[in-house]
Amino acid sequence: MSILGGGIFKGMAVTLRNFIGSYFYKERLTTNDYEWRAKDKLPQSIGDYPKEEGEQLRDTTTVNHYSRNFPMLLHDTGEPMDTIRCVACQICERECPPQCIYIEKSTEKKENADGKPQFYPAKFDIDVSVCMSCQICVEVCPFDAIVMNSQFELSTPNRFGGLLVRRDDLLKSNDYYHKIHPQEAAARDQKMVADKAAKEAKKKAAAEKAKAAAEARAAAAAEAEAKEDTE
Amino acid sequence: MITAALNYELLQQEGLETSLLEISMGPHHPSTHGVFRMDVKLDGETVVELRPVFGYLHRNHEKLAENMTYLSSMPFTDRLDYFNSMTNNWAYALAAEKLIEVEVPERAEYLRVIMAELTRLVNHVTLVGFFINDLGALGTPLMYAFREREKILDLFEQASGARMMCNYFRFGGLRNDVPEGWLDRTRELVDRFPAFLDEYEQLLCENEIILSRTQGVGNLSRELAINAGVTGPMLRASGVNYDLRKVDAYGIYDRFKFRVPYTDGDTGDCYDRFMIRMLEMRESVAILKQALADIPEGDIIGKVSKVFKPKPAEVYGRIEGPKGELGFYLIADGTTKPYRYRVRPPSLINLTVLRDMCLGGKIADAVIILGSIDIVLGEVDR
Amino acid sequence: MSFELIKDILLATVPLLVIFPSLFAFTTWMERKALARIQNRIGPNKTGIPCTRIGLFGLGQPAADGIKMIFKEDIVPRGADKLFHLLAPILALIPAMLILCFLPLEFPWGKFISGKVQAFMLDSAVIFFFAISGLATLAIFMAGWASRNKYSLLGGMRAVAQMVSYEIPLLLSAVVVVMMVGSLNAKEIADAQTGFNWFVFTPWGLAAFVIFFIAALAETNRSPFDLPEAESEIIAGYFTEYSGFKFALFFLGEYIAMFAISGLAVTLFLGAGDGPFLTSAPWLSVVWFIAKIFGLIAVMIWLRGTLPRLRVDQLMAFAWKFLLPLSIFNILLAGLTHFALDARVAATSDAILYSIHAPHTHSGEANHEHPKPVAGQKEAVMGALHYTDKNWMGAMKWFSKAALKGHAQSRSILGWGFGIWAMSLIVLYVMAKGLDNVSRSTAKPREYLYAE
Amino acid sequence: MSELCHESLLKEFPEAQWDEAAGAVILPAANARTIAEWLLASGWDYCSNVTGVDYLEVEVKEKITNDAGETETVPRIEAGRIDVVYHLYSMANKTGPLVLKQRTGREGATAESLTPVWRSCDLQEREVYDLFGVDFKGHPDQRRILMWDEFEGHPMRRDYTEPFDYEWEPTPHAEILAKHQRGKVIV
Amino acid sequence: MTQEITFWVLAVIAVLGALVAVRRRNLIHGVFALMIFFASLSGLFLLLLAEFIAAVQILVYIGAVGILLLFAIMLTERVTGDDARDITSRGSFWGWAAALAVLVVLLLPAIQGADLSQVAKPINPSVKALGQQMMEPYVVTLEVLALLLTAALIGAVAASQGGEKTKEDTDDA
């Protein structure tokens, strides 16, 4: 036989405990403010962003190291357009689920960071109002040229033109990428180096093979010559 | 339950004509969980007719998916049931994996289970909060629920980069591995969760008002539940032991020891639906504990190209989503896009019985019955 | 009409009209803060002194809310009855303000005032209180009807049904106290409880207090009886179509009614302005009174943070099938136990008083000149004297002192007293439990099956 | 579980066809309801998924061997059709799925409603009616479900063209979409 | 002086309220006007120091009768009263005549036979005295009235329950 109103009293005990507990145990709080949370204590969320004095909110405000919000185009150290990684292959444009990327390929080639002549995007626009931050473009890009920025304050007073982010605004340096997503950027760099190495190794192997083939051919030719000579 | 409706007919027969109060509850109403509308006819406070109206959020998700590659539809599945993007992803990945035959790496399988069970926790804990809110509590249980949900969403964000639109699953695995320390954080959360559940149960499960408000309200018989295709916790609350994690044992669910709570089917009312969800959370915690203990190192995604052309085939993949059976029916025609892409939305099909359960009850009952069905309009309307 | 009378009236009413609305502002802050803490939020904490960063725990929030409310657009629906739409919030506020004046609040300006220290010192204050507080029902009905909105109408109808039903247990639980004091005068009821003779300490008083408090929750539409404004069902009930200043007036009226009805509960059961240190500082009585009101309001907030609301039929069933029989039974029990106890104890205490002939002092100092007839006799006599003064607490204190010294009659008095108290508490509990079982459907936690 | 399979159905109702490629039983239009009732009685208690599939009229080129013994490519016009697909499971026996299809032409598409047999078809058949324009005979409450009542056309049909968007605004996105529509972006 | 002013103010409000109650076509307005009449009547009682009567006037007439009227009106369909009912319409003559007749038959003799000097005599209108009067000389009347009201209440409940229960009448509370 239960006490009359026992369940209600139990519930009231819980709320009382929470009432008092909320003054003493910060982890009880629904909204977590950064002030009390130890720096090394994760999860990191909005409040955990280390605010530095005088930092521009507009430019580098990130949510945390993991968040993604809007794509950006990467360039390596140097002049943005000289070191842009994008070669305007338009895969991202095709794969973009809400179709918010607009690319126009350049007509002539230009040297990229590696000194190789490549096409570059003459126009590369992304519509903020349509983009849904899904990161598909990042995944399909074979050149690691597009990655996610975590900047989220993208509002503008102009509804039509202002929401279309142009190529030059999209271009961000790899250093910036390292700043906002250190783990991911490091992994990507590592992968790129590995890819390059693999490619070079492949190239080398191919060259060697070609060399060997050439040698073989030369040898064969020599042999044939010798044969001819003997004949 | 039917008496009220019968009494109403009686009054009509005797010539004591009263006019009914017609109310359009929704699409902007505090407790219709989105842009859902119920056209209700009231006799006093008693519901004598109820017609669900929806489609305000319809965007023809299926047609969209037919015009893009398999991979491109993945982020759109997040937006179906935006509470449970991880399980939506999984259901779609599961269906598509049947088309392309790919081996999912071990670690990815474990992480999938972890993500799905965390999603279940998120869904159930917020559902219970909203349900009690519908009962009229001033958001206290909801706030506790949101606190726990935030913690889990933080974990999702760290793993996938987004809190709700995770877009994390890929055909053959997952998009990326979880960051360093993520598993430890998850373990910490999972270890703490039962304590929260204890408190939650103490707050809610014996409260006399909740008991008398929910018991005997919105009864759903076992036969009707099965026939109407009701799935998920709602089905189990009506006394059917049917959990796809056990039945299909998709993924690696057969490796975990967990129990499926269900009722004896005598009542199948709102209280049962509420309690089944409370109990399921405990089982999810049990699964999570096992998965987090056993998770191996290794690859995260199998060998699949981003754009593929599956052989012509028809597949139907389904998982036990937090709301019920979430199925994806795909027809491949040999191109990079699906010829037909169909979502079986559990929220929509569970709504089939809404009218049956609400008639004869009070208007306040209709609200909590809708709450106990657990719908998300993103999925109902697609 | 003399100047004196005007001065008296002003001195008695103006403080009420100043203190309570400002307490309203504080209470909204307190409620928001307490609910936030119950929900593990921080609550208002930024609104302090304007143009500074001083937060003052958000104490500026009510002022900010008030300013917002005043400057908001006042929207009247097209089909609404404009006159009644305007009148309803005013009509909701007036009775609430009016009933405050019946509370026996004694402001400490006795030397400026001639005679009456209470605003309306009517002989039938309690019945007036109930009569006028019933007018709020009309205001709510008016609001619901005039808005020309179905949700408002439903809210209004719920409010009327609920407030009419809960007025009965409210009144009946107050009847017990009126019966004991033998007066409807609030001042006399307050005076009868000085020296911690609060009626809540008696079993029937406790039961009546609980009933009164529950019914008061329903009368003021507080959770878990906030059906007329049930957000999840009928949006905001009768004030769905109210905004801006009219909404603020409703809000104010509701809170003032809350103060008033808590004030009545304090008057009837919690000893009105009674409390410690009153002999040295009589002005504390106002402080105690308001502190007790706040105590009750804190409980209301606490309940609001915890409980969901009832359904409309359960609400009615609770009023008519649980509270009403219980309060009627309580009146019966109160009469029975009170008079049974009184007869027994009065006889014994008379015996004690008659048993001695020597004059006694009330001071309690030992008089060594007289021989002690029985151990504890003096204390017992003190107890008996207190008893005839209807000062139960004092009587109990002295009787127990006497009983400790081995005074047999005191022991028997205490035994009888406690026995009857305990018995009546048990009887009340069993009655409540039985009524609960009868009136409420047998809802209880269930067991569930598990499939491996 | 041998009885809960399509073979037993085919044995009972020889007029039903088995489509090997799709793994589905094609119900004859005449007695779809009867078959469904038999299926329900024989243990398929749960109809999970109901949907439509629209097939346009296509020209299929087939290689056939002609009378002369040579192989030649002959174009053949395959008529357009709409399939209404039902996925059945058995909750009692925990088996499934059994896929049923009702075939109908694209013009004046009609199908037998299975809602009287499985309530779960109710909203889903309404959806098929709404989006594909299949008229379900015997459906208790056939109305549009996702689109509004005044809506014309059936958006999930493959030849459906969007009407003029009266909410259209000249956003920059229009440029992108136009490019996609011109087919410059090849997928 | 103040008392006279108060009396006149209250009296005018009462008469106006009564007139509005009769004249308004909108039934809800009419009921509220009637309540204003009741309230000012209660004020008049208070002016006569009959505070208990005043309280009961509010409690019963406004709190109970008024709400009852409102409920009754709520259950009817046409609340705003757009029918062409008018005080000067057909049959109004008989209404006026009946009112006048009541005045003549009841009020005039009362006024004529009134001994105003007796009214001016001070009485003790305290609640206690009233209670004692009710419990001592009029106790039988009180009890009979109470019994009658209880019987009426039970009868009303029985009547509203309807005849024999045809359908299974479960308690849905």
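Think of it as A, B, C, D and E in the order they're written, each chain with its own count starting at 1.
Criterion: a contact is a pair of C-beta atoms (placed from the backbone, for glycine too) under 8 Å apart; a residue touches a chain by one contact, two chains touch by 3 or more.
For clarity, every value in this text was computed on a predicted model and none was experimentally measured.
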**Asked** Counting one step for each move to a touching chain, how far apart are subunit C and subunit D?
**Response** 2
**Request:** Using the contact definition stated above, find the chains touching both subunit A and subunit B.
**Result:** C, D
**Prompt:** Looking at A-D and B-C, which pair shares more C-beta contacts?
**Reply:** B-C
**Request:** Considering only mean CA positions as chain centres, point out the chain farthest from subunit D.
**Result:** E
**Request:** Specify the chain with the shortest distance from its C-alpha centroid to the centroid of every protein C-alpha atom present.
**Result:** B
**Centre distance in Å when subunit D and subunit E are each reduced to the mean of their C-alpha atoms** = 72
**Asked** Taking each chain's centre as the mean of its CA atoms, how far is subunit B from subunit C in angstrom?
**Response** 46
**Request:** Return the distance between the CA-based centres of subunit C and subunit E, expressed in whole Å.
**Result:** 31
**Message:** Taking the mean of the C-alpha atoms as each chain's centre, how many Å separate subunit B from subunit D?
**Reply:** 26
**Fill in**
Where subunit D touches two or more other chains at once, the residues are 187
**Message:** Residues of subunit C that contact two or more other chains, please.
**Reply:** 38-41, 305-307, 313-314, 441, 444
**Message:** Residues of subunit B that contact two or more other chains, please.
**Reply:** 68-69, 140, 143-144, 147, 203, 205-211
**Asked** For subunit E, which residues are in contact with subunit C within the complex?
**Response** 1-2, 28-29, 32, 35, 51-52, 54-56, 58-59, 62-63, 66-67, 70-71, 74, 126-128, 172-173
**Item:** Partner subunit D, residues of subunit A touching it in the complex
**Value:** 90, 93-94, 99-102, 125, 127, 129-130, 159-161, 163-164
**Request:** Spell out the part of subunit B that touches subunit A in their complex, as residue ranges.
**Result:** 68-69, 71-76, 78, 140, 143-144, 146-147, 150-151, 154-155, 157-162, 165, 167, 175, 179-181, 185, 199, 202-211, 306-307
**Complete:** subunit B partner, complex, touching residues on subunit A are 2, 5-8, 10-11, 13-15, 17-18, 28-30, 32, 42-45, 63-68, 95-97, 132-136, 139-140, 148, 183
**Request:** Can you check the complex and tell me which residues of subunit B touch subunit D?
**Result:** 54-55, 58, 60, 62-63, 68-69, 224, 226-231, 240, 242, 247, 312, 314, 316, 318, 325, 327, 329, 331, 336-337, 339-340, 342, 344, 348-349, 351-353, 381-382
